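Look at the two complexes coming up: subunit A is in both, with subunit B in one and subunit C in the other.
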Partner chain A sequence: MRFAFNLGNAVQIFVFVAILGPIFLGLFQNVVSVFGQKAYLDIAGLSANPLHTLLSVPGLSTAVLTSLSTGILATVISLWLALIFCIIFLQKIVKSGKLAMITMLLSAPHVAVAIGLTFLIAPSGWVFRLIASISNFENPPDIFTINDPFGVSLIAGLVVKEVPFLIFVIIASITQIPVKSYLCEARALGYDLANCWIRIIIPQIWPLIRLPAFVVLAYSLANVEMAVVLGPTNPPVLSVLLMRMFLSPDVTLLAPASVGALLQILLVLFVFLVFYLLEVLFRFFGKIWLCIGNRSAIFGIIFPWTVQFSFCVMLLGCFSLFLSVVWSFSSHWRWPSVFPEALSFQTWIKLAPNLVLFLGDSILIASLTTLSAIIIAIAWFQTEKRDNAMDGKLLPFAICIPLFIPQIGFLFGLNSVFLKTGLSGSWFAVIWCHLLYVFPYVFIVMANPWRSLDPRISKSASALGVGPLKQLLFLKMPILIPSILAASAIGISVSIAQFLPTLFVGAGRISTLTTEVIALSYGSDRRILGVVATLQALVPWIAYAGAFFISRYIYNNRSGLVGISQ
Partner chain B sequence: MRNLIRICLISVSLIFSVTAPLLSATDWQSVVDKSRGQTVYWNAWGGDTRTNEFIGWVGAQAKTRYGLNIKHVKLTDTAEAVSRVLSEKAAGRNSNGSIDLIWINGPNFFSMKRENLLFGPFVADLPNAKFLDLSQGSPNTVDFTEPVEGLESPWRLAKFVLIYDQARIKEPPTSMLKLGKWASHNPGRLTHPDPSNFMGATFLKQALLELVSDASILQYPVESEKQFLLETAVLWDWYDDMRPNLWRKGNSFPENESVQKQLFNDGELDFAMSFDPAVAAAGIEEGLFSKTTRVFVFENGTLGNVSFVAIPFNAANKDGAMVVANLLLEPKVQARMQNIEFLGSFTVLDLQKLDSESREIFDLLPSTPALPKIEDLGQTLLEPHSSWMTFLTQEWAKRYTR
Partner chain C sequence: MSLILEEITISLKRGKKLIDGLSLSVAHGEIFTVMGPSGSGKSTLLDAVGGNLGKNFDLKGELTLNEQDLLLLPPEKRNIGLLYQDAILFPHLSVGENLAFGLKDKKQGRAKRRAEIDKALRQAGLDGFYDRDPATLSGGQRSRAALMRTLLSEPAALLLDEPFSKLDLDMRDEIRSFVFSSIYERNIPALMVTHDPSDAVAANGPSISIQVI
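Let's look at the complex of A and B:
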């Protein structure tokens, strides 16, 4: 017992050093660079104080406000849509075509979805081309359908991408709640289906999905990829504003930008706090509301509509991705043609030599990262102590810190540290950096199945004299293969999509599909963008499809195992 | 005959006295020898496929002729490379740096020079520098008013041009003032990239050059905020008048020139902007623009500058980088670069300094209707001092970002 305790601690310490070490080093370096900045450019009107410079950036308050509003609204809407979708389709979801739609959007990187959406809804996009072909107006309308100042299109893009992720997470956690028996009891008491869920099941789901929901929240508040394509421009959201400062030729803006990165972190933490307080309030008043016990009909009316809406949202997303594919094969497709004037492989052929070169490296990095993440996660689950509240709630939250902190804020500092140690530009450094982002997802996906594994299995095995390693290899692993495969798929898709970590830490020496793709996508050729978005969506999708079919193959004549693992 | 030899000798010595090479021919040979087998990491903006292909071609040339490899590190923004070298310096990595060669100019060069992040001077050591006009004050020796001092080697010309479609607009405006007037008759059809992007800043600089009472003051640093506001008042008056007529009523701006080009291509805008005079011809060739797309410049000239390559102070493969910089100045390479079938970017070489054989290659380059002749591009206006750009973008943000 004593031994297990020590080993568990060792694993945890290792994880924290490996995952949080780089973050804190990077942040620390950032703070140092803020205060150690020498003051040049001392011309009138330019202050050398980074904080002062940051606060005097025009539009900062608007940027902060739009960051907050888009991030919070996108998260709340996504949560609501995903929950209701799961409620209505709970039993049928796995077998239907909806799953294909969900995985397709789930695996596609944010930037691919954003690019696809602009193909669809921009004033010169497909929708308006369709309208123009009927009503015959000459020029695209001069209106905000993307990049609107309030960030509506950004919210739409985030919702399209986050709803499938949340559905995925909810499906995984619902299996831990005896939904059927709750529903039977509640319905026997005269509540309709919608009320059963709202009153009984959702409050139980929330603690299980809180962490992924916060991940979505943090991403929505601080993402760059989607905001730069769909978000407001003058001023942009805070993250894009900071990126502009980091990428300004004027190196004196680096220090204020670093302060801004700290501000972005505070912003995320502040919203977390607000959400937590809301949860406390809901818990308090929810109990009173439950006790009152009225049977409101309103939810029964809203639910079907909401589901139709989430359907539309996902169809929108899938159609956007489809448009990217069409663009990649078109040779001429100018306004106002609804369909491409000619189709060809020319763009693919032209880009192939470039992309094939980087595809191998991307897959290698993604595989190595995912493999190490899975090994570390298994080590964690093997050694963790369940009864400890710290282990159950706080530690997983800590692991997700990389997902909560804006990348640009600590990567610059982290690379300085890597430079000092000679690690910058090495494969090891890049894989390590990817691990920061891959590990939390792998952990989230694997945690529930591993923790809810029937403890009697291992007790029986121990009683029969089977050691821990043998138990892991021959009992647990075969049962938990689906969770490992799902984690691999997510891990690979997360790693493939990483742009800034590869760019900063790879020092330009290590190029992946995504760095190549983003560099190309700064050009103005829609067909190239189409190729880029298609490829970016395709590679992770293959990983997902692979995971799905492998687990189906394995379970083909072991159907009894499915029940044990869930 | 003897006279001829003497003239040759004199002219050779003249050339040498002007460019004052620090390395003799044998020294250069040792640079070439050392470069064999090196891999030069060339950090260059990767948003233009034709440029990327050209860099790929240069790589193949370098491989066959010098046995060295070029790896194109595609940047989304040149400032990435600047901050990378800066952080390498901050971390004490004074040799074996990750960047060997950067495509650079203007504010990025200014930043690197000020922070002592550049290797050199090396330009005069390049044998092919003899084809350049390096006389005092020539565009190859001054980058946005900042003296180059041999720290970066030119490779292509950039000139601010506007893109339009002849089928839509018969006679494009001939000045910034007229462009503003055009917008008032055609609201919602004109915009410029966000001034935080260099192309957006260029638009403001071009307007300032036209509107300011005395353009020569722009060649010196901004003296004070007061001076700046005084000199630019006329610019802001003009801009305030024009702004409501801009695309999206001047409330939103394309992120960069590529986005703007895409909007132009989609028919959302009637003008786009570029620093590449061959942009229309190249776009037609790629099937992006309609066949009637052309470029134009203003009657009083437009801003122009030179694109350079520079070597960071801590570059791991300086020899290889110099060989590449030299290769870029080879007449045959420059001619391919100017060839519209490949890149269409104008050469930095002084054609007078080439032998007749090399000059003929340039004369025989193919042309297309959308490609302007170099004489059609009008006068080249000098880039203002960098501080004007800094102040312009800051003041613009102060006024129009809410």
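Let's look at the complex of A and C:
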């Protein structure tokens, strides 16, 4: 047998069991509970086919349709806006203010952005206050501007949050190909900039951004936390409908909800397939179109218009976050005042004792999760042998699988397994579930710097008689500290934003800022909501800023160290 | 006279001059050689003519091609072809599709366009290469394919940036005479920068040397 046992294989097997095991268990439990509960109900004489029960849930087809439409539209719009932004980004020097905007939105949890948006666009929100103050209507308009039945506000929220992420991904991919010389070459052949991008650059960067784009797609199709705050309410999107069924006191809804969870996964896989087929079609017809030699300037007209739009989207997002801050400090802010009538710390002070608890638990979970992710990643990079294709492409992809599987699809099943083993509601279980989402990002951020570390450093250390552990502690880790810092910041922001893992696996015994924000979002005092949302957005932002300033401090007199590239 | 540079001065924004008051004119079917060591601003000069000068440069002077003022035109409107030392073929397209990308859309119809491209491939000694992946071509084959793609876009002038310096010695002469004879044949002005004196000799046209300022 060629498969020899060694440390590297042991680490990899551990990672797969730790990351993919829970998903497999959760899915398996879903299937078991569908059949198991059916058998149980049969005996009790309450026979009902879970599938039939699910199909008879009012509004199911609407829920599926709005899930599909919001998810697909949000992804397509985000991709388009992010691409256009990057095209202009390369042409003009972008002011640092815009970069700060991107980072702020990138680090902010989805929920915080969603809450901010409700402050902005709700019928009694800031936009309508502004309109009311310059026109003369007295009451907030009686229209759906959030929770609208078509999910427009949900799409807006998703776009605001996903555009910065995609911009970040696209900029990273653009640096991998010689964009500038391709542009010179294609422009010399008579194509304007917009045409060059569409015909030459985008087809080349798409393979590099396909996976992150599918992560966005999976998230948009099946997320719970944004859909709860901004999405339609009756019926909601499928993921929220399933969450309600899972949490319902009526236990006969559990089996249908488990069927629904599998349906949600199939739905995402189906859309993946459709997108893949579309890509094949685009490739085929795109080539024919490229070979026609058409040089029309239509895109050159659309692009500058779109880029303004994507600036507006990001401005909107940042302003929403700012509104949360303002609400948290306002003591009186009645309709239709555009500015709060009085500012004070009173909400913060009143909430402080509770906040400290949630904040402490959130930070504890986030740090422990991130720390374990970093340790596991370092163990992986230390032991991996990169002589086969598996290590290069397939394994990193396997690690990212949690990002493609809807959380609602397996987490409740997983918690059932945890209940049986007594793990449910434990810190260990919650941290483990957060790890599924933190580890892929930590791994991706650390992979490049660790793998491309000059091997001569290690060789010369060995020649000086320094052993592998000492090399790791005193050479590699100090040299690669920027990548560790960047991974910490991203790990913390991902963990802070988790909702369903904490809700389901924490079994109500563990609360974080995120579970608290969502609990409060069902119509509570805006000042309280503002405080919690601000805090939730602040923690990741501090982590990002900290990583940035610490590594800049380290670089100050070490010019040979390579910075956090983005 | 067709490609005319008059008192061209290029300097870095709030910085030093790279080219100071350069004037030259290139006639149809003529290859004008600009010689100079690295750092003398040769490539910057070509960027200025082609319209690819970075925003951190200042450009003064006059630049016309067939009596048309070029300075305010974007690169795609200048109708000037480029040939770099790294012949750049777009990696997501086959060799033939690369040429089709260059071919003007005046030529309509699939069959007609395909025939035009096959003819160009034949001229370049790349017969039957339509479906080949550009990554599998040798350096010389890539140069010839890039030249044909540029020529199919019917440029009114050509810029050559050390076009032969990366080629193996034994094929340099062959590619060079292929490129030059294509230029003579189309009777367009060409501006070449190089640091290889044998390029200037082979071009058999006027030449100047520029120095690091």
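One rule holds for everything that comes next: the second predicted complex is superposed on the first by the 443 of 566 C-alpha atoms of A that agree within 3 Å, B and C clash if a C-alpha of one lies under 4 Å from a C-alpha of the other, contacts with A are read in each partner's own complex, and residues count from 1 in each chain.
Everything that follows uses one rule, which is that a residue touches a chain if its C-beta (ideal position, glycine included) is under 8 Å from a C-beta of that chain, and two chains touch if they have at least 3 such contacts.
Just so it is clear, the structure is predicted and the values come from calculations on it, not from any experiment.
Colleague: Mind working out whether A:Asn139 is in touch with subunit B, subunit C, both or neither, as first, second, both or neither?
Modeller: first
Colleague: According to the stated criteria, A:Asp192 is in contact with first (subunit B), second (subunit C), both, or neither; which is it?
Modeller: second
Colleague: With the two complexes superposed on chain A, say which partner A:Pro123 touches: subunit B (first), subunit C (second), both, or neither.
Modeller: first
Colleague: Going by the contact rule set out at the top, does A:His332 touch subunit B (first), subunit C (second), both, or neither?
Modeller: In the superposed model, A:His332 contacts subunit B only, not subunit C.
Colleague: Touch test for A:Asp525: subunit B only (first), subunit C only (second), both, or neither?
Modeller: first
Colleague: Mind telling me which of the two, subunit B or subunit C, contacts the most residues of subunit A?
Modeller: Higher number of touched subunit A residues: B.
Colleague: For A:Ile200, decide between first (touching subunit B), second (touching subunit C), both and neither.
Modeller: So A:Ile200 only meets subunit C here.
Colleague: If you look only at subunit A, which of its residues touch subunit B in the complex?
Modeller: Counting only subunit A, the residues touching subunit B are 33, 40, 43-45, 57-59, 62, 122-124, 139-140, 142, 144, 147-149, 228, 232-235, 244, 246-251, 254, 331-332, 334-336, 350, 354, 412, 415-417, 419-420, 424-425, 503, 507-509, 511, 515-516, 518-520, 522-526, 528.
Colleague: Over in the complex, which subunit C residues touch subunit A? Could you list them?
Modeller: Contact set of subunit C toward subunit A: 50-52, 55, 74-76, 79-82, 84, 86, 88, 90-93, 97, 100-105, 107, 113, 149-150, 153, 155.
Colleague: For the complex, give me every residue of subunit B touching subunit A.
Modeller: Result: residues 41, 43, 45-49, 52, 73-84, 86-88, 90-93, 98-99, 106-108, 110-111, 114-115, 187-189, 194, 196, 198, 221-222, 224-226, 247-248, 251-263, 265-268, 286-288, 290, 387, 390-391, 394, 397-402 of subunit B touch subunit A.
Colleague: Within their complex, state which residues of subunit A touch subunit C.
Modeller: 92-93, 178, 181-182, 184-193, 199-200, 203-204, 287, 290-295
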